[in-house]
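Letters A, B and C name the chains as they come in the text, with residue numbers starting at 1 for each one.
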Amino acid sequence: MRDIELKMIERAKALLESGEVARVVGWKKGEFYFDPMPAVFETVEELNDFVYNSFCGANLSKYLIKVSKNPGKTAIFLKPCDSFSLNQLFKEHRVIRENIYVIAIECQGKLSVEKMKKLGVSAITEVNENGEEIVVSSLYGETKFSRDEVLLGKCETCKSKVHQVKDEEIILREMQAGKKDRFEDVEKLEAMSEEERFTFWREQLSKCIRCNACRNVCPACSCMKCVFDNPASGIAAKANDDKFEEQLFHIIRAFHVAGRCTDCGECSRVCPQGIPLHLLNRKFIKDIDGLYGEYQAGETAEGKTPLTSYNEEDGEPSDVFKGEEK
Amino acid sequence: MLRIAKEKLNALYAKINESMGLFIPVKRAGEVNYEIWKEGKEVSLETLKTVKSPKNMFFPSTENMMKFKTEGKALEIVDVRDEKKPFVLFGVKACDYKAIEVLDKVFLADPVDTFYQARREATTIVTLACSRPEESCFCGVFGIDATSPLGDATSWLDESYLYVQANTEKGEALIALIKEFVEEGGDAEVKAQQEKTTEILKKLPFAQLDLSRFKPENLNELFEAPQWEELSEACLGCGTCTFVCPTCQCFDIRDFKTHDGVIRYRCWDSCMYSDFTLMAHGNSRTTQMQRFRQRFMHKLVYYPSQNDGLYSCVGCGRCVNKCPQNLNIVKVIKTLGGKKND
Amino acid sequence: MIEETLIPKIGVITDIRKDTPDVKTFRVVGTDGAKLFEHMPGQCAMVSVPGVGECMFSITSSPTNKEYMEFSIKKCGCVTEVLHALEVGAYVTVRGPYGRNFPVEEDFKGKDLLFIAGGIGLAPLRSVINYVRHYRENYGKVVIVYGARSMDDLVDFDEIKTEWMNEKNFEVYLTIDRPQEGWDGHVGFVPAYVKELGLDPNMTAVLCGPPIMIKFTLAGLLELGFDKSRVFTTLELRMKCGVGKCGRCNVGDKFVCKDGPVFRMTELDELPDEY
């Protein structure tokens, strides 16, 4: 990873020095190896803190809505999955293509500290990547994981290693697609009885603390004012009033991003309560594929989408119901 | 010192539950949070940090405060405060226990918040010493000893036993209630565990954070610090840090129309939200930087300035673990807290 | 019922006066017809229409009025809109009093007083001005400078004309932003008028109005030689609880609901500029 990081710093430096871009969006060092944070670099000096490693799971594309409004071009480092989100933002005119310089970067799947902790490691002081082997040192000893064991949830089912938009790339090694089928977990949910499925979601959603992290991180949630923040909407709410409300929030959100969600998986990555929110979106993706033909949001920056176009072969709402029955 | 064999714990919970409610860390759908105990729930005392702190036992994420009934033009207020039944809050870590002191200073200050007070008075708190602190812990910085928290009773857990000691009358009463499960013993084991944990605590990466600059007299200087821009740059403006924080206590009061009158409830709110300070004619904090600054200034400067230097952070490290983009109070302290952080 | 500050009292609106096109003054008493609670000039109360929301308003009537309370309210948001649509006899809820009042019994006593208000900013001052009138012998000369956008926007114009202007040792100066038919008084903004008047800098001053007016008027007063420690103003921020617990109305380490709304200019100087 270090070789890519160095190349990225080199490119960022050149772009800033030449004045080609006014800023670079990337990651900077955190307190540990495993907690880098998104950052905007405007000077070469600031690049001293630049970092790119297996913990750079964050999808940076949404930051462009705000950052790219500043004068000058903005360069951004995007992993393959993040590039879908940016394309979708282009399509929705939230970000203007001409203002952005995309550097496509290698990604071998990002890692989850949460998972390591759930596997019993704590007081982590250091993480070393040794190819497929991840060596975690802690105050209580050393633990070795295979990369697959501690992959971020969203990376287990990586949908593509192909960048959908790029101006240049920094890719040194071949990238492996996800080993797990993207719709496997959705199929498991579909196979459940209605009651089992309801219980599953009620258990999961009852953990929700309405922190809005899923919404605020979601590149598809780009409304200027969210309906849930708007007192005039009649459904504005902060903490959940009751169990029904937390379900309502997540279901409405899933409906609202249907057809636009690229399945970047950020919602589940950021959820402090580990709710598999991406499964709601993925169910929509699967149904849209089935009803209107295969479609991947963010593959293109232009053109109609299944839910914004009509043709006679489109499934009727009743087909959706039948689809459930199968 | 008294001890209870670990295999008897479920029976002990059942015994407490017979006469009082019992709130305890329970695993649900993969995450551990405080919940009311019921036979069959998966108790997890070993979990170092529940996702939510136990603050919602006293200050729930939503609570109905009153009800308004109208008949014609006439309006009636219905008091919905019910008598709070006694309950036991079990397994509170030292940081979270200290956080209750921080909350008390807000809610029990004149005029007393009777909603909070009723729950607070109905509770017997059993704390649980930490034996496996993690990298994000820094309670020691705030003078908290994770190995011997107070509360009505203190407990320690090892592979075989839960050791317990009463600190107050409420604690004594609880131990009297569960006397069939306890036996004498454990002084040496507890002492050994404390010593071992103390050694780990000293080695934690954030053990030496310097807070010396966070003083009321530096309020304006800290407020004006140019570093806030950079510190808050990646902030999503979500409320994760606020809602997992054991000391955050900001709330909203809202009305909810039902078929049977209007319910006025309060719910957790976050200074990270754009509408927190929104008024009809403007907003005193229009940028995320201002909101971010408010949160940390409140914890490290404003609150201490009003409360004899007591910080409104207890070093639990939940925000360190849970911020989606890895921003947190440690970075703020390291950047602005004092020379020793460099 | 165990007393709980967040649980309000029920009030009945017994009179509504339309002061200006967007300001109404509501007279409120308890369901028993008596005044709801006592207060001091400058203190506030939370008024609510259940189902709509609760907002903090300055109590505009003087504490010396033992029969009722009045609130002068400008229509500018969700709650005020609904309040403006209410009729006499409607029920509202009221809780308070909240906040720190003007130091009428301390700093103001025996002093010449200058009140400067802009628009709805007269609301909190009306309480203190009428208090001073009631205890007239305790205070020196009173100068009032009051400005609004137009003649129609002067709140409590009738009371000003018939009572304040006729009060002993009271000087009242009115101004409107632009010339208007039927207005033969001063035209111009408050800050400029204050400077023109060449006021005695030994007076204790109270400013209330839009932030921009306060900023320029204060600068004018300082030029005239006023001492900041004898200039007072009030702040207004979003509030929910009114008792320093809900956490949103702070400026630095002070809560406007509890430590304000009345502040001495020298106190504001010590606080961060975030209001």
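In the analysis below, a contact is a pair of C-beta atoms (placed from the backbone, for glycine too) under 8 Å apart; a residue touches a chain by one contact, two chains touch by 3 or more.
These figures come from a predicted structure and were not determined experimentally.
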Chain whose Cα mean lies nearest the overall Cα mean: B
Farthest chain relative to chain A (centres taken as mean CA coordinates): C
Approximate Å spacing (C-alpha centroids) for the pair chain A, chain C: 51
Where chain A and chain B are represented by their mean Cα positions, the distance between them in whole Å: 30
Chain B and chain C: spacing of chain centres that average the CA atoms, whole Å: 39
Shared interface positions of chain A, touching two or more other chains: 231
Interface hub residues of chain C, defined as touching at least two other chains: 78
Contacts with two or more other chains, residues of chain B listed in rising order: 252, 254, 269
Of chain A, residues touching chain B in the complex: 30-32, 35-40, 58, 63, 114, 117-118, 122-125, 138-140, 203-204, 206-207, 209-213, 215-217, 229, 231, 237-241, 266, 269-270, 272-275
Chain C - residues contacting chain B, complex: 1-8, 10, 50-54, 76-78, 80, 89-91, 93, 236-238, 240-241, 243-253, 270-272, 274-275
List of chain B residues in touch with chain A within their complex: 28-31, 33, 48, 51-52, 61-62, 132-135, 200, 203-206, 233-234, 236-240, 242-244, 252, 254, 256, 265, 267-270, 273-275, 320-322, 324-327, 330-331, 334
Of chain B, residues touching chain C in the complex: 65-66, 68, 70, 73-77, 79, 81, 106-107, 109, 111, 113-115, 216, 219-220, 223-224, 249-255, 257, 262, 264, 266, 269, 271, 276-281, 284-285, 290, 294, 297-298, 301-303, 305-306
